[in-house]
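To keep things simple, chains are lettered A, B, C and D as they appear, and every chain counts its residues starting from 1.
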Amino acid sequence: MSHAVPGLAKAVEEIADEMRQRPDRGDVASYIPELARVDANSFGLAVVSADGSVTAAGDSDTSFSIQSISKVFTLTLALGLVGDRLWRRVGREPSGSPFNSIVQLEHERGIPRNPFINAGAIAVTDAILSGHQPREALGEILRFMQFLAHDSSIAIDESVAASEKRTGFRNIALANYMKSFGVLDNPVDYTLGVYFHHCAIAMSCRQLAMAGQFLAHSGRNPATGLSVVSAERAKRINAVMLTCGHYDGSGEFAYRVGLPGKSGVGGGILAIAPGKASIAVWSPGLDKSGNSHLGRLALESLTKRMGWSIFGA
Amino acid sequence: MSHAVPGLAKAVEEIADEMRQRPDRGDVASYIPELARVDANSFGLAVVSADGSVTAAGDSDTSFSIQSISKVFTLTLALGLVGDRLWRRVGREPSGSPFNSIVQLEHERGIPRNPFINAGAIAVTDAILSGHQPREALGEILRFMQFLAHDSSIAIDESVAASEKRTGFRNIALANYMKSFGVLDNPVDYTLGVYFHHCAIAMSCRQLAMAGQFLAHSGRNPATGLSVVSAERAKRINAVMLTCGHYDGSGEFAYRVGLPGKSGVGGGILAIAPGKASIAVWSPGLDKSGNSHLGRLALESLTKRMGWSIFGA
Amino acid sequence: MSHAVPGLAKAVEEIADEMRQRPDRGDVASYIPELARVDANSFGLAVVSADGSVTAAGDSDTSFSIQSISKVFTLTLALGLVGDRLWRRVGREPSGSPFNSIVQLEHERGIPRNPFINAGAIAVTDAILSGHQPREALGEILRFMQFLAHDSSIAIDESVAASEKRTGFRNIALANYMKSFGVLDNPVDYTLGVYFHHCAIAMSCRQLAMAGQFLAHSGRNPATGLSVVSAERAKRINAVMLTCGHYDGSGEFAYRVGLPGKSGVGGGILAIAPGKASIAVWSPGLDKSGNSHLGRLALESLTKRMGWSIFGA
Amino acid sequence: MSHAVPGLAKAVEEIADEMRQRPDRGDVASYIPELARVDANSFGLAVVSADGSVTAAGDSDTSFSIQSISKVFTLTLALGLVGDRLWRRVGREPSGSPFNSIVQLEHERGIPRNPFINAGAIAVTDAILSGHQPREALGEILRFMQFLAHDSSIAIDESVAASEKRTGFRNIALANYMKSFGVLDNPVDYTLGVYFHHCAIAMSCRQLAMAGQFLAHSGRNPATGLSVVSAERAKRINAVMLTCGHYDGSGEFAYRVGLPGKSGVGGGILAIAPGKASIAVWSPGLDKSGNSHLGRLALESLTKRMGWSIFGA
C-alpha cells in the first residue's frame, strides 16, 4: 500500500466501526431462507484505489449473495457481445418504479425501462444467451467475474439459485410477459435459469471492489493495464448506474452519495468514484426501496470525507 | 481570458459552426405564439470557466425564454428559504414520466416526484411564495437571477407570461390537483402567477452560464468569491439535475452528455461541469422529450472533447 | 292508490323500519360543512309505481343534496340537445376507478370514460352550456327537473354550490385537464359554475322518484303520457346507469341490487325497475366507494322482495 | 316447436340472412393457427326459448372454440364448490382494461377485478382445481358442460389447447404474477393446464344456447326442471356478465344489446334474456375489444325486434 490515499485508511476504519455499532440496520431480505439466514450484524467495506491497493475493514472477506449487482457485469458482457443493438430491447431511463414492477412493461410494449430493474436484467441475460445453452452462458458470466476480480475461486451459490427458481414467480411473470411481446429470443426457462444463477454468485467486498475497477478507470484495470471496455463505454455504464442503479431510490442515492452505484438485495453495493476508486460495501439490512440501509450511509460518509462525489468538491 | 482552458475556444467555435449547419434541428415549441416565432436556426453556446472567463460562440448574447431552466434557481431559492422542509412537499426521484404528467400525483397523494417536473416546480414556487404577495415573490426570484448573473438587465417577458397564463390549462390542473391534497399553501392563482412569470424570464446563454457558476464551484462564484449556497447543497442540486433535469430523457442525457443539466422548452440547456465550468447552450428545436435537440448534441460533443464527463475521463 | 302493487306498501314500510334501526350507517360526507351537518339517522324511501302512485316511508319528503344523481338528468338533457355527438367527448364504459380519478384522462387524451364520473359529467355540462351564459344553462337544467318531478318548488341550495366552488380543487383540476385536450368548449369557470350548481339541487325522495319515471317507462311519464325521450334512449341511459352509476362500486350494485341506479355523495340513490317503478332512497352515510350504505341495502332488500331485479326472477 | 314465440323464427332467419351478407366482418383471431384457419364467413345463431324449443339459423350446428365463454361455466362451477369464498380471490367490478391487462393486478395486490378477464378466470380455475389433479378438474368441467347442454358429444379441441399452451406467454405471466401474491393455491402449470383446456372446448351455437338456459330461468333448466344453481346465484352471474362480460367493451354491449352476455375470442357470444331465452351467436371476426363484430350486431338487432332488453321495452 505504498501509494495510499491520504485519510482513506482512517476513514474506512472509522466508518466500519461506526456502522458495526448502529442499532438501525434495516430488514434482511426474507423471501428465501438462504438470504434470511445471513447475520444482520455483518458489515464489510473494501476500497480499491487507483494504484490497485485495497483498503478494507469489517467483514470484507466474507462472501455474500451479490444478487442485482451482477447486473452491472451482465450489462457489460452483453454490450461486448451485441453492442448498441442491446438498446433495442431495453431502455436506459430511470423507471420511477419498484425493482419488480410490471406496469411499465404493459405501457411500453414489453421493453423494460433500463437494464437494472429485474425485467431489464432478464432481457440483458437473454441477449447473452443468444442461442447458447444456459450452462455455457453461465460459464461465460462466471469466468468474466473471476477474470475481473482476479480470483478464480468465485462461485455460484447453488442453493440460492435453486430457491430463487422455486419462488421467483414474479420474475417468471416478467419474463413471460416480455416473451409475449417478442422481447426475449430464448426459451423463458433458459433465460431465467441463467438469470437466477448469475444473481446467486457469491463474492466478498474485496472481490467485488476488485471486479469494479475497470469502471473507475476508463474501462481499464490500472493494476494489470488490461482493457475491459472502451473509456466511452465505462462512462456510459456509470451513467446508467447513477440514474437507475437503485430502483426507485436512485435519486436518493445520487443526492446523498453522489456516486454511480448498484445495489443488490443481499445487502451489497458496488460504487464507483471515477478516476479514484472502486468501492464495495455490504450490510444485509435493507431500506424500503430494497437497498442496503447501512451500506448507503457508509458510502455517504465515505464520499463526504474523501470529497469523492461526482457532483462537486 | 488569460487563464484560458486549452482547447476550449477552438472546441466552442467548431461546435457552434457545426451546429449552425446541421439540417436536423427538431421542432420549435408551438403551444404559444411567442415561442413559435423564434428563429429555428438560432444557436448559441457560452462556457464560463473556473477563472470566470467566458468562451462563447453563435447567438450567445441573444435572449430566449429560459422556461424550465428557471426551476434550478427557484429550487435553490426555496432551499435557502425553507431548507430541507421543502422535501416534505416534493420528492427527488426521477419520475419516468413526461414533464406534465398527472398520473404519478394521483398514486402518490399529490406529492410531485421531483422539483423539475412541472408539478414539482409549482410546489417549489408555492414554498417561495409562503404568504407573500405574488409581486414580491417574483421580485425576489428576478433579483436572485440578476445577482447570480451579475446583470440587472435580466427581465421577464410579459407577453410570454401572459400567453402561458391564458393557455396553461394543464398546469392549472396540476396546481389544483396538488391543492386538493393540501400540498399547496397559497391561493392557486397566486402560485401559478409566479410560476408562469419565472418561466418567462428571458436570458442569453452568456447570462445563464454566468448565473450557473455557483453550481460548478462548491456553491461559490469563483470570480467574486461570494457564496450562494453551501458546497453540500450545490452538490445535491447537481445530483437532482442529473437524475431529473430532462424529464423522461434524463437517463439519455446522463448517458450521452454525462453532466448535470436542466433544459427548458425554449430550447435552452444549462449544464454544470463540477470544478470546471458552467455551460449554457441554446437551440430552439426540441426532441420528442421536449429537450433541445442540437443543444444536447453540442453538449455531448463538448464534454467528449474536453473530457468533462462526471462519469470518467 | 287504487292499483297498488301487491306487497309493495308492506315492503317499503318494513324496509324503512329496519333501516332506521341499523347501527351501521356509514360515514356522512364531510368535505363541505353543508353535507357534514346532515343528520346521519335520516332515512327516506319512495317508490313510484307504473300507475303513478307513490309508496313512501321515512324521511321521504325531506330535501337533500342530490349531488351526482343530477348527472342522470344532465345526460338526458345533453343527449336531447346534441344527440349522439355527445359521445365524441365522453365514453360509456365503466372506468374501474374512483369518481374523481384523473389517471384515465391522461391515458385517453382527456376523454372521460363515462358521463357519471366527475370528469364525464363536467364534459356533459359543457355540452349543455354550448355558448350560453351559465345562468341560462342552469335555468334550463332546473326547469327540466321541475318539469320531470311535476314540482316547481325544486331549487338549488346556493350554500352547497358556494362551498363546492370554494373547495372543489379536484374538479377544477379535472376540468382544466380536459380543457388542455380541447374536450371542453366553454370557459372552465362557466362550465364548473353550472356543474357545481346542478350538483347542489335539493330534492326529496318523492320528488326524485317522480322525476325518474320516464326511465322506467320507455321514456314516457305514464301518468301524464308525456314523452321525455325515445324508448331507445331511455333503455340506453338505464344501461349506462347499470354499468357506470356507482363509480368503482358499479359491479357490486348490479350484483346485489340488480337495477340501473345512480348514487350521489349526499346519500341519495335513484334506481329504475324498467316497466315497474322509479325508486329513490336516501341515507346520508356512505360506503368506501362513496355510495349510500343503507341506501344500497334497502334497494337490495326491496328488489329481492318484489322480484324486480333485471337479471331474473 | 308448439309454443313458438311470435316473430322469433322470422327474426332469427332474417338476421342470419343479413349477417351472412355483410362485408364488414371484423378480423379473425390469428394468434394461434387453429383459430386463424376458421372461415370468416361463418355465422350461426341459436335461441332456446322458455319452453325449451330451439330456433336456429346459419351455421348453428358447427362447432367453434368457445374460449372465454367457458368462464361463465367455470364461474358457476367454482361458486358451487367454494361458495362466496370465491370472492376473496377475485373481484366483481368491471376493470376498464383489456382482457389481458396486468396493470390492475399490480395495483391491487394480485386480486383480479372480475372472473371474466383472463387473470380472474385463471383464479377461478385454480379454485376448481383445489388440490385435485388437472385431469380430474378438467373432466368435471367438461361433464358439467355436457350435462348443461344435454349432449355428451361436447369435447375439447386438443390442438387448440396445445397451441394456447405453447404461445400463452401472457397468461403464464398473469398466473405467475398472481402466484407471487399467493392468490393461486395450485402449481401454476396445473392451473394453466386446466385453463387452456377449458378455453379449448368446442361447441356449436345450439349446444351453447342449451347450456345457458339455467341462467335465463332462475337457475333451472325449464325443460328438465333440474335446478343448476339457486335463483339468486343465477341473477348474480347474469349481473357479472352484464358489467364485465365483454372486457373494455362491456359498457358498449350493455348500451347496444341490453342483455347479460359473454364473448369469446373464437367469435362466439352467449347472451341471456332473463325469463325469455338463452341465445348463442357465432361469427369469427372480432372488433377492437376482441368481441365478435357481427355477433354483437346480430344480438342488437334481435333484442330490438323481440323487445328483450333488460333495460326497458
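For this structure, a couple of remarks:
In the analysis below, contacts are C-beta pairs under 8 Å (C-beta built on N, C-alpha and C of every residue); 3 or more make two chains touch, one makes a residue touch a chain.
What you are looking at is a predicted structure, and each value in this text was computed from that prediction instead of being measured.
Common neighbours of chain A and chain B, by the contact definition above: there are none. Chain centre most remote from that of chain B: D (centre = mean of CA atoms). Averaged C-alpha coordinates put the centre of chain A at 48 Å from the centre of chain D. A straight line joining the Cα centres of chain A and chain C is 56 Å long. Chain B has no residue in contact with two or more other chains.
Residue ranges on chain A touching chain D, taken from their complex, read 101-103, 105-107, 169-170, 172-177, 179-180, 188. The residues of chain D lying in touch with chain C in their complex are 91-97, 104, 113-114, 215-218, 231, 234-236, 238-240, 242-244, 248-252, 254-255, 258, 260, 274-275, 309-313.
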